[in-house]
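In the part that follows, the structures are each spelled out as structure tokens.
Note that subunit A is present in both complexes that follow, paired respectively with subunit B and with subunit C.
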Partner chain A sequence: MNLRQSQSLLHTWSGLLTGWILFTVFLAGSLSFWRDEISRWTRPELLPAIELTSALDGALAELNRRAKGARSWTIELPNDRSAGVLIRWQPQGEKGRRPSRRGESNSNAWLDGTGRPAVVRATEGGDFFYRLHFDLHYVPAIWGRWIVGISALLMLTAIVSGVITHKKIFRDFFTFRPGKGQRSWLDGHNAAAVLALPFHFMITYTGLVTLMTLYMPWPAHAVYGSREALFAEQFPKSAEVMRTGVFHSLPHLSALSSEAEQIWGGGRVGSIRIEQPGDTAQEVVMRRRLADRIVDGEQPVRFAGSTGTLLSAPPRESIGVVMRGAMIGLHAGRFADGALRWLYFLSGLAGTGMVASGLVLWTSKRRERFTNGARGSLGVRMVERLNIAFIGGLPLAMTGFLWGNRLIPVGWDDRAELEIAAMFSVWSVALLVGLTAAPRRAWTLLFAATAFSLASLTLADCFLSDVGLWKSIERGDGPMTGMAGGFLVFALLFGFLAAKSGKSVVGLKGGGQSERPLPPAEVGL
Partner chain B sequence: MPRNSTNYLLGRGALAAAGGYATAALGSAAIGRALPIDRLDATLLATISSFSIFVSIAVIAFAAETFFRAARSIALILLVSLALLASNA
Partner chain C sequence: MSVLAFILALVGLALMGLSQPQHFRWLFVRALPEKKPRLRGAGAFCLGVAIAPVAWTEGWAIGLLYWLGLVSLASGALLLLRTFLPIRSPR
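What follows is the complex of A and B.
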């Protein structure tokens, strides 16, 4: 077995074993580049305008009304893309526990951009796709992270071995032979892979870096003795602020945020935390907007809330810290505006398409070995049906989440969890379709259903919310017009896929192509 | 897939996974200790580098002519990492 053949095997099998997870991770990750926009769409009650001073005053007044004497208050300010102010609080004695991310607990609330309380439907919004991207769902987050991490490591291996496999990588990129079954899938797979190859490599590597001490704690053990000891130095913690019981008026947040912004050299405040608010011992922590710069790091600045004295400046940013921060920042792309964000999104979709075409290529290659009419081995049929369930089913299921957001009544308990249940219910139905219907029919059915779901959602949303297509255009609301327009573009795309999969030319059906089989090194064994 | 390919795949796959992770773990731990810079920076940079080590080992595991040769190369790299790790204890 020569080098290219061995790398081809490595490429094929590392790709197949993780393909369905990677498809989910790539698709959810691509959508997460629009996390703020999706969150806005799912909370149509909030509009993006913000008046910082009145927002801060309103937040303090509301926190004081609802959570007087709490252990801490947190105010999360919107960035240029999001809307509304989120306030959170932690009752006394509730130590170190972050508020539950599932559903809206009773210890947080939304205000509009001017600081007035707003009634907002409970939803995870764009955070749902963001979490799905690395935690998966219905499994403990730590399992999800390991499953995603192992998949990412195999993906990185598949990329490197894929490059070695394709010696004619640039010629491959300019080669597309449509309507030729398996060959078209190979060309498409190569084009999607090569087109965004630097992106795929970057996004996979930096994705591993986001959770690197989980996957690879051994340098921390070797140097520090434990991960906790590393974290203690990497993210220094201040001592717990103790309540004195002596009342003090609330801190002047506007003044403190200007001071923090000066320390950062032009950055802007993203979130403000007040520990033991209203007590003379109160302390204020200002964190920076992550969208400010490429390097991911909130650079917390701590002030004594009653006197305004600076207690601690941001931790130092030396080479290792900046390297890690820059890689995480490149992965999340929070700094990216306009054209660059679109490039991130489209590259992510190219990755999604690369994984999907690779999976389909695996089955289409094997199906051609069987004569017309033969059904292929159990393994090939299982892979084919799982392909249908994921590639055809997941996009449809995601539209189920969006429909759930619009149709589940605002006052219902657990509605945030119900939206997610709506998505997984649709996915289960898609899986059932994939398992029972003839493969070609199943592809067409799921693609057509996705197209219909998205098109009808865009239409219905003109009447269901204030961020529908017409109202958004009227308001000059670019991002929400973009969301509705995006739904329509995807509806067209899935309609096209439905029409194409109905014919045999794309090779989804497989078989029937009278052409020379590809040499094994080109498609894997 | 022919039987000899299945054996090849399982053998090399296991070697790539186990050898790759072990080498990445020991190798990055050794780098973390050996780098002559601040220990926080050294630890973070070493951890970042670990994934490159894994992929290189996986490629070697599949590229070597025989399973034995692949295992021997990986064992050698493991031993060097171990020695480096121990010498900086």
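What follows is the complex of A and C.
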């Protein structure tokens, strides 16, 4: 076995064993580039009108009404892409727990962009897809991160071994031969992989770096003694503020915001935390928006709330902290404006397509050995069914989440969890279809159902919410028009896929004649 | 500026593609099957210059990201053109 053959073997198996996890991670990660927009769509009660001063005043008044005497208050301000102000509070004696962002609950509430209380449906919104792409769901988060991390490591292996395996990387650069069965799948896989290769490498590598202290804790243990000690030294926390019991009026947040923005040199405030509000000991912590720069870091600025005196400016970041922040920033793409965000999204979809086409290629290669009605080995059939359940089922399941958001009554308990349950229920049905129906029928059915679901959702949303297509166009609301338009574009895409898969079994020959069988080293063993 | 960078990347990649005989003969059916080093050089130049507009407006770090993304987008667009443009292939 020569180098190319051994790399081909490595490429095939590292890709196959993790392919379904990677498909989920890539698809959910690609959607996460529109996390704020999806969150806005899932909370149609919030409109994007923002008046920062009145929003701050309204937030303080509402917190004072709801959580007087609390240990801390937090105000999360809207950015250019989101709507509404989220206020959170921690009662005295409660420490360290971060309340989730599920709309109204005992410890958080939404206000509109002008600071008036708003009744908002409880939902995870875009945060769900963001969490799904590295925590998975229904498994402990730490397990999910390990599973995703090992998959990402094998993805990196597959990328490097794939480049070595691909003999004619420049010659085949603009080559796609449709309708030629296995050859077409290989061309599609190569095109999706090679055309966005820098992105695939960057997103996989930086994804691993994001959780590097989890996967590789030993350097931190060797130098600092523990991971906790590393974070305590590089990201120091201030001592807890103790309540004196002496009343003091609330601080003027607008003036403190301006001062913090001057310290950051042009950065904008993303969130404000007041510790022991209404007490003479109160302190205000301003954190900057993550979208302001590539390097991920909130650079907290702390003020004495009673006097407005600066207590601490952000410490000078070490080169290691900057590098880590830059890697996380590159991965998350929060700094990306509209055009760059689209490039991130399209490259993410190319990665999703690369994984999907690689999985189908594996079965396509083996299916051609089982002609004349033979069913193929158990392994091939299992991979084929799982391909249907994931590649055909996951997009449909995601539309189930969106439908759940629109159909589950606003007042129901645990509706955020019910939306997620709706998604996994649809996915379970897709798995059943994949396991029981004939492959051609299953592919067509799932793609057609996704197309129908997206198209009907766009239509129904014109009547179900204020962020439907027509109302968004009338309001000049670009992001929500884009969401509705995106649903229609993807409905067309899935309709096209349904039509194509109806004519030829995905994974078998296409409409045309297959060329000579591909050598094992070229397609994977 | 990103549109200009995209066009430059598209032209650069197209020229580099045409420097290869199999793509050149797709357009010029009767051409001899030989490589075109000048086209490859011109293409590489355009591709490199495409970073200038986005680096000018966005700075080098974000400009480089833009450039990489636009090159991917341009190569995808050329792939679709090469595949579906109704020009008779010599093969």
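As a working rule, the second predicted complex is superposed on the first by the 508 of 525 C-alpha atoms of A that agree within 3 Å, B and C clash if a C-alpha of one lies under 4 Å from a C-alpha of the other, contacts with A are read in each partner's own complex, and residues count from 1 in each chain.
By definition in this document, contacts are C-beta pairs under 8 Å (C-beta built on N, C-alpha and C of every residue); 3 or more make two chains touch, one makes a residue touch a chain.
This one's a predicted model, so the numbers in the text were calculated from it and none came from an experiment.
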First, second, both or neither for A:L9, with subunit B first and subunit C second: first
Which of subunit B and subunit C A:I164 touches, first, second, both or neither: first
Partner chain in contact with A:L343 - subunit B first, subunit C second, else both or neither: second
Touched subunit A residues, subunit B compared with subunit C: B
Touched partner set for A:V119, first subunit B, second subunit C, both or neither: neither
Which superposed partner A:A196 touches (first subunit B, second subunit C, both, neither): second
Touched partner set for A:Q234, first subunit B, second subunit C, both or neither: first
Contact set on subunit A toward subunit C in their complex: 170-171, 173-178, 191, 195-196, 198-199, 294, 330, 335-336, 339-340, 343-344, 346-347, 350
Parts of subunit B lying in touch with subunit A, wherever the complex brings them together: 1, 5, 8-9, 12-13, 16, 24-26, 28-33, 37-48, 50-51, 54-55, 58-59, 62-63, 85
Touching residues (chain side subunit C, partner subunit A) in the complex: 2, 17, 20, 22-23, 61-62, 65-66, 68-70, 72-73, 75-76, 78-79, 82-83
Residue ranges of subunit A touching subunit B (in the complex, touch as defined): 1, 3, 6-7, 9-10, 13-14, 153, 156-157, 160-161, 164, 205, 208-209, 212-213, 216, 218-224, 230, 233-234, 318-321, 323-324, 327, 525
